[in-house]
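So that you can tell them apart, the chains are marked A, B, C and D in the order they are listed, and the count of residues begins at 1 in each.
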Amino acid sequence: MSSINRRAQQRNLEIISNKKVGAYHHMVLAAGDMAQHCSAGNFVAVSVGGTGSSMILRRAFAIYRASDRGQYGGTIELVIAPQGQGSRWLTSLDIHDVVDIVGPLGTSFGIPTEPASALLVGGGYGSAPLFGLAEVLKERGCRVDMVLGASSAGKIYAPLEGKRSVNSLTITTEDGGAGIKGRVTQVLPDLIEKHGIEIIYSCGPMPMIAAIEEISFKAGLVHQCAVEEAMACGIGICMTCVLPVRDPDGVIKMTRSCIDGPVMDGSRVIWDSLRKVPLGTWGFDG
Amino acid sequence: MDKQYQAFDPRCRFGRKSFPSPIFTASGCAGSGKELSQFIGLDELGAVVTKSISVKPRSGRATPRMAETPSGMLNSIGLQGPGIDQFLAEDIPWLIANDARVIVSISGETIEEYASLARKLRGVPGISGIEVNISCPNVENRGMVFACDPVASKLVVESVRRNIGGELPTIVKLSPDVTDLVAIAGEVIAAGADGLALINTLLGMAIDIDNMRPKLAGMTGGLSGPAIRPVAVRAIYQVHAAFKGIPILGMGGVASGRDALELIMAGASAIAVGTANFGDPTAVIKVKSELIELLKERGFNSVASAVGVAHEK
Amino acid sequence: MDKQYQAFDPRCRFGRKSFPSPIFTASGCAGSGKELSQFIGLDELGAVVTKSISVKPRSGRATPRMAETPSGMLNSIGLQGPGIDQFLAEDIPWLIANDARVIVSISGETIEEYASLARKLRGVPGISGIEVNISCPNVENRGMVFACDPVASKLVVESVRRNIGGELPTIVKLSPDVTDLVAIAGEVIAAGADGLALINTLLGMAIDIDNMRPKLAGMTGGLSGPAIRPVAVRAIYQVHAAFKGIPILGMGGVASGRDALELIMAGASAIAVGTANFGDPTAVIKVKSELIELLKERGFNSVASAVGVAHEK
Amino acid sequence: MSSINRRAQQRNLEIISNKKVGAYHHMVLAAGDMAQHCSAGNFVAVSVGGTGSSMILRRAFAIYRASDRGQYGGTIELVIAPQGQGSRWLTSLDIHDVVDIVGPLGTSFGIPTEPASALLVGGGYGSAPLFGLAEVLKERGCRVDMVLGASSAGKIYAPLEGKRSVNSLTITTEDGGAGIKGRVTQVLPDLIEKHGIEIIYSCGPMPMIAAIEEISFKAGLVHQCAVEEAMACGIGICMTCVLPVRDPDGVIKMTRSCIDGPVMDGSRVIWDSLRKVPLGTWGFDG
């Protein structure tokens, strides 16, 4: 039985900054000691809408950065795309407003024990957890190259201080508004060869991750990805957030991405059966 | 005796078992119990009602399995679970070791499957009851949900009662999606149910207007959460009016002590909290303490004394 | 032809009548039409569906007649109204004089009452259709609601069709509180319904935990509003899947163009807005313009072409 | 057929003041030309909870004052008791927040054509519409005496400027915390006699109004009361807000308090059948 992140807590956190950056909002929360328990790849589950809201489920957000020192004590930072009702409510909040947060949740990116050459690939707000990861990898002596892609320039989230922690940053946009016109996957093979990449970390839309896994597999690399499935609870009790994953014994199981993820071994996910139950899955009954 | 010094009795009873708290987790809304135990002490609950367990392991349905709706959600999990054998080997011992009282929810596709689950559970040490989830498609009758068919409902309950023995209370969980709920309740009571669980989810659907397809992979799903509370109150009220002596485990949209009290006044003897756990992992504890406070404020000295008071003239 | 110059066709059709807009007011949710006309032009609607009218004047129920619930409300009005004669003398002429198309909703306590209402409406100039509300207690059968009984439903529709003639479309409004909605839809279609109205309210209840009594004087009431939308979508989807050719007037929790489109993609040919009018007197206009915008954005050049698209693979 | 207040409009109004006064909040809204259409006794229907709220119905509030001049153009003032979810949301709003309001709605207090001696009786926030009424009556040369009652002192709403417009003000509280200990009805008979009262205006809880009608009837006075029934729409389309009222032809009908009220002739309401349908009501079927 897998289990929930043991450091998870429920807390009311005060917003200390909420700024629009391109298509996103960068939000900083005074998180006290919650911050020191966060690892790159973890997420938080945020209650939205306030009292009397018709939205009854939490929303998951990747932790962009967590820092346990500074003026406000520990802080947690999020990068939020105002998409639907919940995220729009959240991004409309003011400084000093308080949000109900459960975190840190989920698995985190595994860090190589020996220095290695790592490629970090993010799509849209999927870049968020990669900057914290880059810092950790650099501290461990890794080479870190980064590729960020989005449909347009405004949807690339790449703050200055983030850029400092990588050896190279390649940007792709589908409309060509910034960097190379196209998708992240177009530039990966060259970068892998050029920088002698040994491990890929990815976060972004599921089709992007699936395409990265294909490249990673062909190149014989390790691929750690942060997946995103619709989550009702974020803490492992609802069984909505599953995807088909091959376990170490080779058995395919519908696996919860909130507690056995979001960070998973890309080679174990059955990418061609996403949103399906593949034939042969344990307990397959359809 | 001065009211504030009077001890408050929070217990409830189903069949031969007494439970120390009136707040339970609803089936399928507490994982294996382990996940929730990080936020709450499971011993504070009346019982953990487990996710409905089947004879064989089940992968459940494809995703998306959920869609949020106004004050509610749809789910179509498809009873994902490890099957009764692994469940008895792993989940149950863990729950018991962690001081949880356990009501095992069972689901089958045939009457024989329910019987076989009951046989496996008979004599399992440490469990406090069985919840029979009959909102499952009956493969022997064109997939018609047992709970929609009075005869099939009755046969399921009879076969469970025969196999489980008289010790463990049998609570039968009904679906509100029927023309005559009281008639179905009558059948399962006649078949030997010690209690009823009301209500299971309502059948619903949501459509994604961008990709123009149902939001759930399973097309339809079960609607739960505060949106359905008025249906739960009505169902509990109707059934309690017809069968005063039968305890009801009330559920459907309970997210606060006020909600719980509403269902109790309608006729529920205890309350299960489902969807609210997703929005708030400590929901059950809040519901419990708020409920007891509200009861005390109104001069009740036990949960039992408030059951069904809305029926009094 | 360039998309933006292509004319958009918002029409819908029930039986022999075509309506210029797909947005209607739901029965009982627009007063006599006059009150709403202060905020919106009634001619912008497909039609005003009148409150359900009875043979005799009805005082309706005692108060409280309403209770707000999460994303919904309960009502128990008890069909208050002036009776068919005064209604035909006063309400109908006013509506017609004010350019509203009118669908008259009728309700009876016996099959003969429905027949008699149909006879009175036959030949009334200016009305565009009949909605048969069969969610009424049948006094000849222990008060069992017609809509819960396939045989009674069928008999009502047959007698209305016999008396109304072939000119006026007959739309039959069904209750979702049944075990097998598709079976009932099948009966009323066989009996000659030109269209179906889905869904009426769900039976619900709320209890005031301070005075410890049901909040509504009528004890139970009808649940409406966004809370029930997933049930409406499911009902419309199921019935449209079974009877593709029968137009459905969809309703249940529609408060925006997105909601309306969801019901249309499930299979509704037109949409009635009920409870949302209470929260916003211009709701129908907003729903209509939002809906048409959303349809155009998705490349539809008519409402009709989007009906039931969620069924396509 | 009765009809809705012809001056009703739907508008988004900005809050320009929101102050706690005793148990209530006094709220001022910039109302533009809506203000000039308001008469004493009218109410507004306010949308509560904001977007994504689970509260789908408007809340009715009596107009405390409406003024069509001043710094902000026209203003409408409300006196709000934070009771349940909706009113608490409203009273928690900040200056510059905007609320969706439909108004003015309902009937208004009838003003005597000749100067008369009037007694205004308010319970709790029911005092709100009486101050505006008092001003109008004074302008018409009436003598105006006022009685305000509540359970405790904090629930008496009687602002200084309001007091100026009355000839006398009597206060009663059930706990004796201010004024006379007891209920408004205790002091009425004496005041009626002392001031030669010819007409009573009342607003407050329904049992209070019923008791006032009894006194008024015995004394042979005219009694205009503002009733309060639970309203789902406020504009006459839902039929939830009815009470049994005898019409001019003597027929008892279940009458909408939102369009044939809230101000009604107290002698026409069937007070002993409140919340019932009295035998003999038109269309009685029970």
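FYI, contacts are C-beta pairs under 8 Å (C-beta built on N, C-alpha and C of every residue); 3 or more make two chains touch, one makes a residue touch a chain.
Just so you know, these numbers come straight off a predicted model, no measurement behind them.
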Which of A-B and B-D has more C-beta pairs touching across its chains: A-B
Intercentroid distance (Cα basis), chain B paired with chain A, Å: 35
Mean-CA-position distance for chain D and chain A (Å): 56
Whole-Å gap between the CA centroids of chain A and chain C: 46
Residues of chain B touching at least two other chains: 70-72, 225-226
For chain A, residues contacting two or more additional chains: 54-55
Graph class of chain-chain contacts, one of line, ring, star, complete, other: complete
Sites on chain D touched by chain C in the complex: 1, 3-4, 6, 8, 10, 47, 54-58, 100, 102, 229-230, 232-233, 235-243, 253-254, 259, 275-277, 281-286
Chain A-facing residues of chain D, complex: 49, 51-55, 85, 89
Residue ranges of chain C in contact with chain A within the complex: 70-71, 226
Complex contact set, residues of chain C against chain B: 69-72, 74, 148, 177-180, 202-207, 209, 212-214, 219-220, 223, 225-231, 233-234, 237, 253, 258, 261-262, 265-266, 294, 298, 309-310, 312
Chain C to chain D touching residues, read off their complex: 28-32, 34-36, 38-39, 51, 56-68, 70-73, 75, 77-78, 80-83, 90-91, 94, 217, 225-226, 255, 275-282
